[in-house]
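One structure coming up, written as C-alpha cells, with questions to follow.
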Amino acid sequence: MGTVPLLTDDEISPEARAVFDEIRAVRKTDFINNFWRALAHDPALLRATWDRLKVVMAPGALDPLVKEMLYVAVSAANSCSYCVHSHTASAKARGMTDEMYAELLAVVGMASQTNAIVTALQVEVDDAFLA
Amino acid sequence: MGTVPLLTDDEISPEARAVFDEIRAVRKTDFINNFWRALAHDPALLRATWDRLKVVMAPGALDPLVKEMLYVAVSAANSCSYCVHSHTASAKARGMTDEMYAELLAVVGMASQTNAIVTALQVEVDDAFLA
Amino acid sequence: MGTVPLLTDDEISPEARAVFDEIRAVRKTDFINNFWRALAHDPALLRATWDRLKVVMAPGALDPLVKEMLYVAVSAANSCSYCVHSHTASAKARGMTDEMYAELLAVVGMASQTNAIVTALQVEVDDAFLA
Amino acid sequence: MGTVPLLTDDEISPEARAVFDEIRAVRKTDFINNFWRALAHDPALLRATWDRLKVVMAPGALDPLVKEMLYVAVSAANSCSYCVHSHTASAKARGMTDEMYAELLAVVGMASQTNAIVTALQVEVDDAFLA
Amino acid sequence: MGTVPLLTDDEISPEARAVFDEIRAVRKTDFINNFWRALAHDPALLRATWDRLKVVMAPGALDPLVKEMLYVAVSAANSCSYCVHSHTASAKARGMTDEMYAELLAVVGMASQTNAIVTALQVEVDDAFLA
Amino acid sequence: MGTVPLLTDDEISPEARAVFDEIRAVRKTDFINNFWRALAHDPALLRATWDRLKVVMAPGALDPLVKEMLYVAVSAANSCSYCVHSHTASAKARGMTDEMYAELLAVVGMASQTNAIVTALQVEVDDAFLA
C-alpha cells in the first residue's frame, strides 16, 4: 500500500542489514516493523533515523514511557496513522495502563480543542508568559 | 490583536465572574490570563472549557506535569503560539527542568520528522500493531 | 513583516491594477487589504485567485455568510492567523452576530477535540457511512 | 483496525450503557457508530464527549445543518478520515443537497489554498481587521 | 470508500466528459484517476480544478518534476494519503530517481522536525529575514 | 518573544560555541540566526540538528535551491512562520528568482487546495498508484 515495497531481510543491503541487526539486539526481538522495511530503500536515512531515535528515546530526565506518550500525542496531532499505531503499541509495551491511556486521550482532545479556539480568537500572548 | 477585545474584570457578566473567581481560587493567584478574558465574551463556553480543563488536567494516573508536557507537544504540533507559551509556562511552574524541556523538544522534533517520512512513504500498519 | 513588501497602488502593474479596480467595485470600498497587495507581485496569481474567489464565495445553495464562517473554520484549523482575522471581519460585516460567532467557536473546538481523539484511537469507518 | 477493540453492547459498563441509551433516544435509531464503541472503554470520556456534543450541536443561532457542515470543514482540514465520513453522513441526513455539498467542497478548497499562500507570504494583518 | 461514488465514463455529464477528454489528450493515456471521477459529481469544480492545475503544473521557471516534488512535500505535510500516492507516481513518471526521492524524503523529514522545534520554542524572526 | 531567551555568543557553552564556529565557517558569514541561539540552550540538540541539516541540505541528486524550496513548501504547510521566513531568505540567497518564487507559491496553493478537497471526498487510492 506504500509508495515503495517493504523490503524483506533478503532484499536489503549490508548497511541496512547492520541497522536491522542493531534494532533486533536493542529491542530483544526478531520483529522488524514496516517503517524500517520501507526506510531500508535508503540505508543512509535508515541509519540516521535509527541512530537519532535511539538517543532521543533513551531514558533521561524523562522516562521512556513518558516519551512514548509524547510521541503518540504528536503523531495524533499530525494525523499519522502508522505512527499512532506503532507508538501506542510501544507505550503499552512499556507499561501504559488503560487509565493512563484514557488520560492521554483526554489531554490530547482538550489541547486540540483549546488550540483551535485560541487560534480562532487569535488571543495575544500574555507578557507573563514571555521568556 | 485578537478577533475580540480582552475583557477586564469590570466588563464581564456575573456568570463569567464566577468562573474567574474559581480560576483564582484553584490557581491561588489573582492573575487571569488572556485566554479566559477572550472566552468571557461567551460565559457558557468559558464555563464549559474551565469545567472540563479542571477535570482533564487534575492529578490521576498521569501526574499534572506530564499532562502539561503533553499539552505543549500537541500545541506545538498544532502551531498554536499562545498555547505553546501558556502551557510551557505552566509546565515550568510545575517543575519542568531544563533537562526535561530539552528532552521534550527532542521528542517533539523526532516524532514530527518520522511522522512526515512515514506519511510520505504511506507505510502500511503492521498486523502486530492492530488491536 | 512578510516575505515580500506590500505594494502600494503606485507600484503595481496594469494587470494588478485591473484586479484592484474590480475588488474595489465589487466590494464598494476603496480599501484593499494586504493579501492582495502581497499577491500583486505576481499579477497572474492575483488574477487567478480573485477570479476563483469571486465564484466560490458568491451566493448559491449556501449563503455568503455561511461560506465566510466555513472559511473561518478552515483557517483556524490551518492556523492561518491572517485568514482568521480577515474572514472573521468579513463574516461580521455580513451579519454574523455574537451568538453565531460563539456557536462557530464552540463547533470548531468540539470538532478539533473529537478529530484528535478519533485519530488517536484510529477508529475504523462504519460501513453505514461509506458511499 | 483501531488501537482499541470496538465494544459491543454486551461488553460495556452500566455507565457506558446509559450513554448509549441516550444516544439511541436522541437520534431515534438503534445504530451506535464506532466512535462511541471505541470511547466506551473510558465511560467518563464517553459521557463528557456526548454531553458536550449534544449542547454544541443543538439548534441555536446557527442551525444544525450549518454546524454539521462546519464540522466537515474542520475535519477535512484536520485530515480526520473517520470524522469526515461520519459528519458528511450527518450533514446529508440533515438535508445537505448535492449543490450545498459541492459549494462546501469549493469553499474548503479555496480556503486551504489561500491559507497556504498567505502563510507562505507571511502577510501581516491589516489594522482594519484588529478588534 | 469515499463520501461519493466514483463515476464511470457512462455516468458523467457532457461537461465532465469534456474535461475527461482533455485530461486524456494532455496526458496521452486513457487512464483517468479516481480524483477526477470523484470531482465529476460537480462539473464546475472539476473544470476549475483541471484548468488551474494545467497552468500551475506547466513548465515554467521551475520544471515539472520540481513542481511534482513540491506537491508531494506539501501533500505529506498535509497528511493527504491519496495525494501523496498520486503525486509520487507522477514524480516518478517524470523522472524522479531513487536518489532524488531519498533526498526529498530527507528534506521533508528535516523540515518537519525543525518546524516543530521552532514552533515549540516560538523563536522570533530575525530582522535580517524581513522583506 | 520565545519560550527561552536567545543566547549571545558570551552566554553559550564551549560545545555550543563549536557549532556556532562551524555554522560561521560553512556559511561564510558572522551572522548566526535566532534558531541556533535558541537551540544553544541544549548543546546536544544544537549539535544533532546542525550535523543532520548539513548532510540533508548538501548538494546531491537534488540541488540545494530545490531543497530550500521544498523546505519552504513544508514550512508553509506546517504553518511555521519563522521557518518560512528563514528558508525563503535562504532560497533567495541561493538564486530563487521572482518567477521561481511565484511558481512555488502557486504549487503550494494548488496542492493545499486539492489536498483539502481529496480529504473531504476521501477518494480511494487507485491501484495504479500502489507500489
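By written order: A, B, C, D, E and F. Residues from 1 in each chain.
As a convention for this text, a residue touches a chain if its C-beta (ideal position, glycine included) is under 8 Å from a C-beta of that chain, and two chains touch if they have at least 3 such contacts.
Being a predicted model, the structure only gives us computed values, none of them experimental.
If more than half of the interface residue numbers appear on both sides, call it same; otherwise different. Which is it for subunit D and subunit E?
Subunit D vs subunit E: different; shared/all numbers falls short of half.
From the centre of subunit B, which other chain's Cα mean sits the farthest off?
E
Could you tell me which chain lies farthest from subunit A when each chain's centre is the average position of its Cα atoms?
C
List the centre-to-centre spacing of subunit B and subunit D in whole Å, with centres computed as mean CA coordinates.
21
So the centre of each chain is just the mean of its C-alpha atoms; given that, what is the distance between subunit B and subunit E in Å?
From the centre of subunit B to the centre of subunit E is 34 Å.
In whole angstrom, what separates the CA-based centres of subunit B and subunit F?
About 26 Å separates the centre of subunit B from that of subunit F.
Send over the residues of subunit B in touch with two or more other chains.
If we look for residues of subunit B contacting two or more partner chains, we find 1-4, 45, 48-49, 52, 55, 73-74, 76-81, 84-85, 88-89, 102, 104-106, 108-117, 119-122, 125, 130.
Think of each chain as a node with edges to the chains it touches; is that a line, ring, star, complete or other?
Graph shape, chains as nodes and touching pairs as edges: complete.
Could you please specify the touching residues of subunit E with respect to subunit F in the complex?
Touching subunit F: residues 1-4, 6, 31, 33-35, 38-39, 45, 49, 52-53, 55-57, 60-62, 66-67, 69-71, 73-83, 85-89, 97, 99-100, 102-104, 106-126, 128-130 of subunit E.
Across the complex, what residues on subunit C touch subunit F?
Per the touch definition, subunit C meets subunit F at residues 3, 41-42, 44-45, 48-49, 74, 78-80.
What does subunit B use to touch subunit F in their complex?
Of all residues in subunit B, those touching subunit F are 79, 84-85, 88-89, 98, 102, 105-106, 109, 116.
Mind listing the subunit D positions that touch subunit F in their complex?
72-73, 76-77, 79, 81, 84-85, 88, 104-105, 108-117, 119-122
Which positions of subunit B touch subunit D when the two form their complex?
1-5, 48, 52, 55, 125, 130-131
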